[in-house]
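Just below is one structure, and these are the notes that go with it.
Labels A, B, C, D, E and F are assigned to the chains in the order they are written; within every chain, residues are numbered from 1.
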Amino acid sequence: MSGTPAAPSAGLPATVARPSGRAPDQLREVRIERGYTRHAEGSVLIAFGDTRVLCTASIENKVPPFLRGKGEGWVTAEYGMLPRATHSRSDREAARGKQGGRTLEIQRLIGRSLRACIDRKLLGERTITLDCDVLQADGGTRTAAITGAYVALADAVRVLQARREIPRDPIFGAVAAVSVGVYRGVPVLDLDYAEDSDCDTDMNVVMNDGGGFIELQGTAEGHAFRREELDAMTALAQAGIAELIAKQREALAG
Amino acid sequence: MSGTPAAPSAGLPATVARPSGRAPDQLREVRIERGYTRHAEGSVLIAFGDTRVLCTASIENKVPPFLRGKGEGWVTAEYGMLPRATHSRSDREAARGKQGGRTLEIQRLIGRSLRACIDRKLLGERTITLDCDVLQADGGTRTAAITGAYVALADAVRVLQARREIPRDPIFGAVAAVSVGVYRGVPVLDLDYAEDSDCDTDMNVVMNDGGGFIELQGTAEGHAFRREELDAMTALAQAGIAELIAKQREALAG
Amino acid sequence: MSGTPAAPSAGLPATVARPSGRAPDQLREVRIERGYTRHAEGSVLIAFGDTRVLCTASIENKVPPFLRGKGEGWVTAEYGMLPRATHSRSDREAARGKQGGRTLEIQRLIGRSLRACIDRKLLGERTITLDCDVLQADGGTRTAAITGAYVALADAVRVLQARREIPRDPIFGAVAAVSVGVYRGVPVLDLDYAEDSDCDTDMNVVMNDGGGFIELQGTAEGHAFRREELDAMTALAQAGIAELIAKQREALAG
Amino acid sequence: MSGTPAAPSAGLPATVARPSGRAPDQLREVRIERGYTRHAEGSVLIAFGDTRVLCTASIENKVPPFLRGKGEGWVTAEYGMLPRATHSRSDREAARGKQGGRTLEIQRLIGRSLRACIDRKLLGERTITLDCDVLQADGGTRTAAITGAYVALADAVRVLQARREIPRDPIFGAVAAVSVGVYRGVPVLDLDYAEDSDCDTDMNVVMNDGGGFIELQGTAEGHAFRREELDAMTALAQAGIAELIAKQREALAG
Amino acid sequence: MSGTPAAPSAGLPATVARPSGRAPDQLREVRIERGYTRHAEGSVLIAFGDTRVLCTASIENKVPPFLRGKGEGWVTAEYGMLPRATHSRSDREAARGKQGGRTLEIQRLIGRSLRACIDRKLLGERTITLDCDVLQADGGTRTAAITGAYVALADAVRVLQARREIPRDPIFGAVAAVSVGVYRGVPVLDLDYAEDSDCDTDMNVVMNDGGGFIELQGTAEGHAFRREELDAMTALAQAGIAELIAKQREALAG
Amino acid sequence: MSGTPAAPSAGLPATVARPSGRAPDQLREVRIERGYTRHAEGSVLIAFGDTRVLCTASIENKVPPFLRGKGEGWVTAEYGMLPRATHSRSDREAARGKQGGRTLEIQRLIGRSLRACIDRKLLGERTITLDCDVLQADGGTRTAAITGAYVALADAVRVLQARREIPRDPIFGAVAAVSVGVYRGVPVLDLDYAEDSDCDTDMNVVMNDGGGFIELQGTAEGHAFRREELDAMTALAQAGIAELIAKQREALAG
């Protein structure tokens, strides 16, 4: 029994022909549209290329049982994908009677990520629910969801401030997410579906605007990945997230 | 025990101040956008004023068990509402683990309505699923869904014809739907949420382009409705549906 | 794309050979047996020919959460069919783990219909649940259920009055239901299974003793139905419901 | 820690005032009505006093997966109780989304009991499902269900013989069931609800016409029961079951 | 229709070659290990030969809704089997989404049995939950579970006494359980899997240390069993349970 | 809105007082017991200190639908925790009717990790299911599960080889997992519960014996973590996993 042969350990190649024609460190076109629907306190349609996710933030004046009477709030997320957001139709989870493991995993990730940028004491005994529903999928739905949900959350908090329900902004810093991977031996940023289904490693990275890591989830799809690949991927992610946070600021300033 | 006093039986008043300022026989602005998402064989975003429903048509080369080997196809529908499509957030049905009675009732209605305009023998052993997901609700989501799903179905059938999988168009006639009601004593067309939550009678009407009724579902919310109210409502519906079918034709010609 | 050819628009034929030998405007034999079981506050076995439904009314001193503390009561219904009430055995819903869409649709209809004849403020903070269980099915189970549930409800209200729990009768008017349809081109009253499975249009009508419509649900099974067919069907229903209300009165006087 | 003091071990008292006025060894009035509904191959309404259970037998030409291709049949049972069969309304299992432990336990017992009197090879690859639905409960529903289901099963087998689908009668012997208990120190036969809710021991006994035990399920409700109580109870059961089997024969001869 | 021929009624044979080589009245080796895991108030690994069940007792300061405010406690049980406790892997009940009928039946039996030896008033408003999880199965899992759960319950009660939360020991007497059966015509004690799957009758007996019966559940697997077989089986059970109670005492004294 | 202040970026402190008294780079005592239960093809009880997980490997001669007829096998995992494996009792997932998000996430992780070390073509059309059931929890249950499941998988493969069902060993390399974190500012290896509930960052690392990463899942619990913390944690993990793989080899050689 001997270990998996590691990939060639020489320096990583610098470039590759991506299906989309992008450079390895190039994000897809990112669009953020605030106020997409009118009932939610925050409502953002975010596009990472052909991936489009509707993120709404809903405020409710109650908290889950484990927080009752503790004087702090809660931020949570739910994630869904419309049945035909993808190439072939998938079953509607409401019809199947349960949410799949992937859905639960993603919505737990979104919730944890957003809770990392808010002071729940300042929020008070309120829950903000971030519903992230994928209208069209082309890879990276969870990272688009986190990035868009941050903007929806910021809008909902502004509503609370405008209503003078909270004394000051409970959000500290910004949070965004992007995927990185190793595609045909080359570390690349922001995988689309064509790359995602054909890459060796896929990693989702959530960071804040201070350059700190909030979540890091990497999976070897083909061969196990080496430390220098890990380093190259996290560096790409860091640069990409800085760009995404700039987009968020621009949208919120709009 | 004596019967409910009927509403005053004199001729119905001709007008009323609708919250939206519309005339009693006036539809909301209707917009139909084809190709809204790219994976589905038909993908239509339909708006009846502030009500916005994404209707996709998905083709699968299989039929439900009860039709296997019978040489005919199936058309069915599923309906969902995003949690924050409405004024206050409602639970996600996938998270609750089941679809509610209202959802099941609506998706059965959509399915029956669309099956009324297609020759399932000509369709062959295929299923076309119409997913109608409400992005924003302001009354009349089921009628918008039926009207939009017809266009998505027509687009999916064109795909089958373009692929030469079916010899000729299995769709005969057009199908559209609208709600009518009695608002403050006056029969009105295409209720929005403000009217719907404050009216005496609510009726959903599905008709074809031959002027025939496909479905008629009326409910007395306040007092029981009289025959002349029924007649006035069905007449309004007939005119409104003719307008909607014209909109469908225009969109499909686009 | 041209519309469905309408059925011949000449005057509707006046008669047809019904499988049961009945005249087009003839109800099946209707029997109403009160006190069928002993625990429920109201317990009625109603038969529309071979369709037999046990309707019980149960009083509970509580209301659903949305009504708590509002000083008014609730009337609701549940519907079930014994697995072998029909020609071939159907799965038991309790074993499948959920109620089907048809069941939910019917029990919502029964509940709405009965709430249309009761003053819920006078009822006080109580719930009356109408359980309608089909022992044997031969078409028209939902209309028999509504008609029988009205009698069970009236009996339950009498119990409340006898116990002096409510000051006066909260029921105003009577409610009954019947199906109508177009069978081989002829409008007919009270479809049995043989007709129901072979008719062009099927409509369920719920009316009160003032001649007002409470619910109207029509579905084109074959060709779309025309206005004169609608008119003929509602006229048949109106006459049939008057007979049913007479039967209810007779039973309650017994 | 010392053991429960046993009940006084002197000879058991010979009599007690039962709420119903019956003698200790007296069954309630038993009525068996065949052909109660018309679709099922066997349909029996059985009454043990105020306990009324509708037992239907349904034949299907298929067997569960574990028996496919083995040339033998299956007999199984399902049990349900209408929500208001009892003093206070219980939730509908179909609405709650699952069958309770008591229901599953009873239907497993009914199925095992009936399989003990049929040669499944002679039955061939068919399933007979015995649906036992309690219309009114007054104690002893499971024993009434077994006793009635036997008659429904016999009727279904006669249908198979009449259709010449099976060469000869696969049923050997008869099966019936009764409850026994110790009520106020006295062993009694066929407990009704008033006794059942106030007795020290409750035992359900299933036997065949050869005097053999098929199932014996005894539970100490109050004090643990002694061997002489066990002996007295099984003797009562044996006599009661002989009477029940005579009733079954009489009904089947009718 | 004549009854099942009874087994030869002459005196029962005295011996048989058991697969395990045991004498008919011989238990398997029984081991009881207290403190098997550290978090539970009682934690016992019990082995009946190759059958191994982990029984934990957990104390919670709350009671089910039906007991609230009544000043008495509750003892309940849950039962599970690890998927590969058996010869072939069975589905995980948590993954299937429901507990099977056998599981519910067993856990109801364990709960009833243990409630028969505790004074719930003395326990106060607390719930003790006995989780019985089968690590390895070789027949008799429910009887091992009851016997082990008794020891776990006793340990949990000692914790309550040590914490001075209850004034005195609420347990009266001891409870243990064993299976008996008729294997190749011979009554035998404590069936293992090889015997269980090949015997004519299987009976589970729960008794207390006063020699009283708490539960008796016998099932004829092959031929119906006769009274003398019943008598022989209960006598074997009584002796076996006395041995088991001695083992429990020894373990608790350790 | 300014970013989270990063933790002080000076060199990380080298040591900290861990609750267990371990050095920062010290694993808990690891014990691996093969053949813990007898039915499964692989059965391993693994302990990481007080965390004890029973890992069984079960071979079935079938594959999931998406692999049928493709000539390759499948390796999958299920994870469960006994209700009282933890400090306070948690609900049994089988009783609640669904597996929670955490459970699904963990079992998906275990399955992916083990699939990374096996050639599924060489395995042939078989499924090996790894059931990981936590008997006692003290932090790190998922990493113990992966490490133990590898040994159970290896044993199951040996069974297949011994039966000559597969031509050669489909396992390449070894896989093990460990958690790392930042506890009071110091990176530490193999968190127990006391550390896990009080640390700033928690990361689970799965690696193979070639030093490649298979999974990396890091979560900032308190402040976001910095690159040097990430580097320190992955270095600790790498050393710890080398030790664990040595333990696996030793156990498999035993």
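Going forward, a residue touches a chain if its C-beta (ideal position, glycine included) is under 8 Å from a C-beta of that chain, and two chains touch if they have at least 3 such contacts.
In this text, all values refer to a predicted model and were calculated from it rather than measured experimentally.
Counting steps between touching chains, the shortest path from chain B to chain D takes 2.
Note on connectivity: the fewest steps through touching chains from chain A to chain C is 2.
Chain geometry summary: the mean Cα position of chain A and that of chain B are 35 Å apart. For the pair chain D and chain E, the distance between mean C-alpha positions equals 26 Å. Inter-chain centre distance (chain C to chain E, centres taken as mean C-alpha positions): 51 Å. Residues of chain D in contact with two or more other chains: 97-98. Within the complex formed with chain A, the chain F residues making contact are 1-6, 98, 100-102, 104-105, 107-108, 112, 116-117, 169, 171-174, 203, 207-220, 223-227, 230, 234, 249.
Interface of chain B with chain A (complex): residues 37-40, 43, 50, 52, 54, 56, 58, 60, 78, 80, 82-89, 92-95, 97-99, 103, 129, 131, 133, 135-137.
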